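Could you have a look at this structure, given as C-alpha cells, before my questions?
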C-alpha cells in the first residue's frame, strides 16, 4: 500500500482540489490511509528525512504538521510562557485539544529551542504511540558532524523498526527517493510557473497547493500536481500585477500574510521559506547507499539559520531566488520571539539592500489578527518601491 | 472594631469588622491620594455609620496605596488578605481568584489559610479590569453592561495579541469591518476569560474557587472561566469588591 | 618608538571594570560598614579624576551590600581577581596577541595556554551592569537600533553594542559552544558578519550520554586544532597544566562551598552567587580567583562552625533560584536576606555538580582537554540546554532536597526559551516532589528597564512576605 | 479644481480640501468608533466650511486606519506616503518625518521630491504612541492638550520605567500619590516618549530637516524633549501638524488625477 491512495479524486480540477484540501481530521486522505491500516507520522522541521518514513513497509504517511485554524492557545499557554513562539504554542494547543489524535507518531528535531522544548509536553500531556527526536549539529563542516546526523537517522529507522517491525530495504528507500525527487521536480515546476513574467498563479494558491503536499500521500499528490501544472500552464498569466514580491522567513502555512500582500495588487512570485522553497530545493542522490544519500541531502542542503558558518550559502540561495523570479522587493516575516529568523532576516535584509533589493521586515503572530497594521506596512513598502 | 482598608489606585474600599462580622462598609475615590482617601473613609464612618475614630481599635491596610498612608496602621499583604478573606467567607475553599482593576491574581491556600501558590498577570496587562475598560471605551460601552450586551452575540470571533492598545486596534478593525457590538463585546470577554482561565490553570486548584474583585460580578466572565477550568466558582459573599479590605481587617484581628 | 595608548585606557569596558575594582576595594579598606560611614567628599578628593567621575553612577545599594561585614572579604578578593584578569588581558593586548572571545560556556585555560587574549564575550557587561546604574542599557539599545529584536539575549546584545562603540577590542576569533541557545548562536553569526571575526564552533550535541560526550570531546579537540591553525599559536602543555591546576584548586573551594550551603542555617551570603558565576567563567585564569573561592569557603566555614546564619536572627527562608541571579541587581540577594530572611542556596547559573564534573586530570594534554570539555558540558546553561527537560528538573529537585530548600524563585530571563518552556514542569515537580512553592517573575539579565528595580523588589517582597 | 484628502485614524479624523495650489479648508474631529461615519462627518464639515458640495470634488484619496472603506474616496494610500507628501508640501526642506499617531509611531524618510524613501513603525507594543499620552492625561485628569503646557513647567522629571502604556498610567498614579507635581510627571512622560521615538528614528536614520506630525506635535514638551535626544531641531510646519496626513492625501489625489488625465488625453489622441 506504500503511498497508493484509495481516495477517489472526484473533482474535475486538480488545482481546485489541491488548493482546498481539508486539514487534519477532515482530510480524506488521512482517513483513507488509516482505514487501510496505515500509520500516520507527523513532523515539524525540514531536517526530518521523510523518505525514511515513507519507505517503511508498515505504510507510514508522513505529514508536515501545521496549526492553521487554531483559534486560541489557552491550554498551551498553561505549559508554555508567551515568550515561546506562537506557532509552537498553537501546535501544542492542537495536540492538547486532540486535533492530532489521528497521529501514530511524531518526529521532532532540536532545530529550534522553542519547538524542541515542547517535546516533554507532547510526551507527557498529549501521548502518542511513537515520539522521538532527530538531533542536528549546528554546523555542516566536518565529517564528524555529518556522521552524527547520519547516525541519528539510522537510529530513527531502528526505533521505527523496533516499534512497527521490519526496516525498509534499500529498494524501498530507492523508491521513496524517486517519489520525493519527482515531487521536488514538480514543485520546482510550480515555482517556475510563478516566476514567469506573467505568473500563472498567485502566491496564496501556491501556498495552498504546497500545504496539500504536506498532507497527502506523495505519489497521489505528484499525480494531481502534474495535472494541476497542466491546468495552470493553460491559464492566462497575471499581467497586471502591481509588484513582484518574494517572502522569506521560517515556517508559514497560513496564507494570511500573502493574502494581505496580494490584496494590494502585488503577487508573491517566490519564497525563501522553510516551509516553501527551502523544503523542496535539491534532490537526493539516487546513487550509493540510500540512507546516506538521504542524510546528505537533508543535512547539507537545508539552509537553516541554525547552521553557524552557513550564512553565505543561505544568502546565495536567497539572492538566486530573488534574481530568478525578478522580484521588486522581499518581505521577510518572523514570528515574535523567533531568535533564528529575527537575526537571519536582519542579516539577509542588509545584504539585499546592498544589492539595491528593497526589503521589509514584518513580525506577526501565527494567529495574526492585526491585518490593519500589517497592511499599512505592506502598502507603504509598495509605495516606497514606486509600485 | 477593626478598620480594614484596601486602597486601590482608583477606589478605596473600607470595612469595619467586629467579632469577625462586617458591621459597616464604604467605598471612596482614591484620586491618587491615599492619605486623603483615608480621611474620606474616617469621615464617612463618622457621618454615615456613627463610628468615631476612637471606636476603632486598629487600622489594617492593604493594596497599592498602603505604603503611602501616614495614619498609623498595620500593613497587610495583598495575597495574605485574599487568602484570609476567602477562608472567612468559605472555609472549605482552597483557592481564590481576584479580578481587580490593575491585577488578576489566583492563589491556592492550605487548610491553615497559608498561601501555597499564586500567579499574577504578566507584564502586558491583558486580563485585568483596566484592559476591559480600555477595550470597552473603544466600543463606547461600560464594563458593567458588557455581559448583557455580549449575550446577544451570534458569532465567534478570536482576538489575539498581547498589548491592550493593540487589542484595541483589532477591535477598531472589527468595527470597521461592520461587526456587531454584541459580537465584539463577546470576543473581548472571551479573550479575557481565556487569559484568566490560563492563569488559573497554572496553579493546582483542587476544588472550588472564591472569586473577588470588581469584575467578580460579571456573569459572562465567571461562567466562562468556570467552564474552562471546570471548577465551581463562588462569588465572594456580599460585595466581592470588599475581599481585600475584609482580609486586611482579618489579618489585624489574627495577630491581636 | 611612539608611545601607544594602553589597552586599559583605550577600551572603556576594561577601564571601567578596573576602576570599579579599585573603588570597591577602597570603600572596603576605609573600614566603613555602611555608606553613611563613608566620608564621600574626602574620598572624592583623593580619588583620581576618572575614578571620581564614576562614583555617582554606582548603585548605592551595591555599596551598602559590599560594606556589610559578611560580604567584605569575598568582595575584596573577587575585585582583586577581576583586576588581575583585566591587567593580564590588557597586557597581552598591548603585546599584540590575537583577541579570542570565548563564550561563557567555555573556560579560558586552553586559550591562556595558547598565549591568546581570552576574553569572555559576555563577562565585561556583567561587571558593568552589576556596578553601574543602567550600566549597559545603551549598548543594548545600540544593538537593537541595528534592527535586531528585543527578545535576543542581552548577554549578547550588550557586548555587541560594546564592540560597536569601541568599548571592547574587535575579535580575531570567537569560540562558541552551540549550547545553550539559538539566540547566542545567531548573535555569534551576526558578529561574524559584522566584525569579520572567525567563529570556531564547538558543536554541542543533544543528549547527555556517552555518545554525545564522545562527540563533544572530539569537537573540543578539533576546536583547539582550528584555533592553532588560525592563529599560529600552539597550545603549550605546561601552561595548560598550570592553569588547569589553578582551576582545580578554585573548584575545590567551590565544591566545598556548595557543601556548606546545605547546612542549616546557610552560612554563605547570596550576593556571592553572581560573583561565583563570573568566577566560573574565569576558572583557572589566575591565582587571585583561587583566593576568592578560598575566601568564600573559609568565611562560610567559620560561620557554619559557629552556627552563624547569613540572614542574622531572621527566620531563614531557604531558596533556590532555578534560573539565575539578576546581575544588574547584584545587591538583590543581600536585600532579600536582610529584609525577609531569604537565603540564596543555589541557582541555575551556579549549580555545577561536583560528583559529575570533579577535577581535570592533568596527566596529558588529551586528559586535560577531556576534563575541560566535561566541565563545559556540565557548566551552568550547558547542562540546562544539553538535552530533554528532565535533566534540569531532576537536578533542581535534587538540589531542593539536598539543600533543604523552602522555596524556589524562578527569575525568568526574557530571552531564555529553555526556562520559559520548562517553568511549568519544573514548578510542578518542585511542588510535588520537594514540597516547595515556587515564584516566577520576569526579568532581564542586563537590561534594567525590562523590569525596573522597584517593580522587582515589590514582586519579590510580596512573595517572601507571603512565605514569612 | 478641487481635490480632497481624508485621514481616519484611531483617535481623530481629518479632512483637507485643496484647490490647485491652495489649501482651501481643513477640519479635525474626534473619531467615532466607525471610520466610515468619521470620514463622512469630517468631510461634510470641511465641505460646509469651504461652502462646497461633494460633487465638486474632482478626486479624493483616503488614508489612515479606515482608508479602504471610505465610500467617497477614489483611491487609498498608506498614511506613511501621505505624511511624507503633506510635510514636504508644508516645507520642501523636510527629509525626516516623525508621525506619532494614536497606536502607531512612524518615522518616515523622504527624498528631495517628497517621495517615500524608507520608513519604520513600532511593533507589538504601543509604548511611544498618542495613546500613551492620552492615558497619562486621563490619569492626571487633564485634557491631553493641556499636558504640553503643564510639562513645560516641569523641572525634575519623574523616571518613567514601565515600558507598557497601561502600566505607565499606574506609575503616574503612584507618582501623584507620592506628591510629585503634575509638571514633573508631565515632563517625565514627555521624555519617556521622546526616548522611544528616538529608538525608532535610529532604525532608519535621520536627515535634516526633521518635523513631527500628528496631534503630539502640538505638545511642546514632547517636541523639546525629542529635539534634545535626537540632537536635531524639530522644524515647525506652516500647517496644523494634525492635518498633514489628510493634506498629503489631497496632494496625492491631485497627482493621481493629473496622471490619469494625461493618460486619458494620450488615449484620446
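First chain written, first letter: the chains are A, B, C and D, and each begins at residue 1.
In the analysis below, a contact is a pair of C-beta atoms (placed from the backbone, for glycine too) under 8 Å apart; a residue touches a chain by one contact, two chains touch by 3 or more.
On a predicted model such as this, the values are computed, not experimentally measured, just so you know.
My parser should flag the chain pair with the most contacts; which pair should that be?
Greatest count of contact pairs is found between chains A-C.
Taking each chain's centre as the mean position of its Cα atoms, how many Å separate subunit A from subunit B?
46
Distance-wise, how many Å sit between the C-alpha centres of subunit B and subunit C, to the nearest whole number?
41
Whole-Å distance, subunit C centre to subunit D centre, using C-alpha means?
For subunit C versus subunit D, the centre distance works out to 47 Å.
Using the touch definition from the top, which residues of subunit B touch two or more other chains?
In subunit B, 122-123, 162, 166, 169, 172, 176, 202 touch at least two other chains.
Using the touch definition from the top, which residues of subunit D touch two or more other chains?
65, 124
Give me the residues of subunit A that touch two or more other chains.
78, 81, 336, 363, 372-373 - these are the residues of subunit A that touch more than one other chain.
Is the chain-to-chain touch network here best called a line, a ring, a star, complete, or other?
Per interface graph, the chains form a complete graph.
Within their complex, state which residues of subunit B touch subunit A.
122, 156, 158-162, 166, 169-170, 172-173, 176, 194-195, 197-198, 201-202, 228
Sort out for me which residues of subunit B touch subunit D in the complex.
Interface residues on subunit B, with respect to subunit D: 9, 32-34, 64-65, 68, 102, 123-125, 130-131, 134, 138-140, 162-166, 168-169, 172, 175-176.
Which subunit D residues qualify as touching subunit A in the complex?
Checking each residue of subunit D against subunit A gives 65, 77-81, 104, 115-119, 121, 123-124.
Enumerate the contact residues on subunit A facing subunit D in the complex.
336, 363, 372-373, 376-377, 379-380, 383-384, 386
If you look only at subunit C, which of its residues touch subunit A in the complex?
146-149, 151-152, 176, 178, 180-183, 185-190, 192-193, 199, 201, 203-207, 215, 218-219, 222, 385, 388-390, 412, 414-415, 417-418, 420-425
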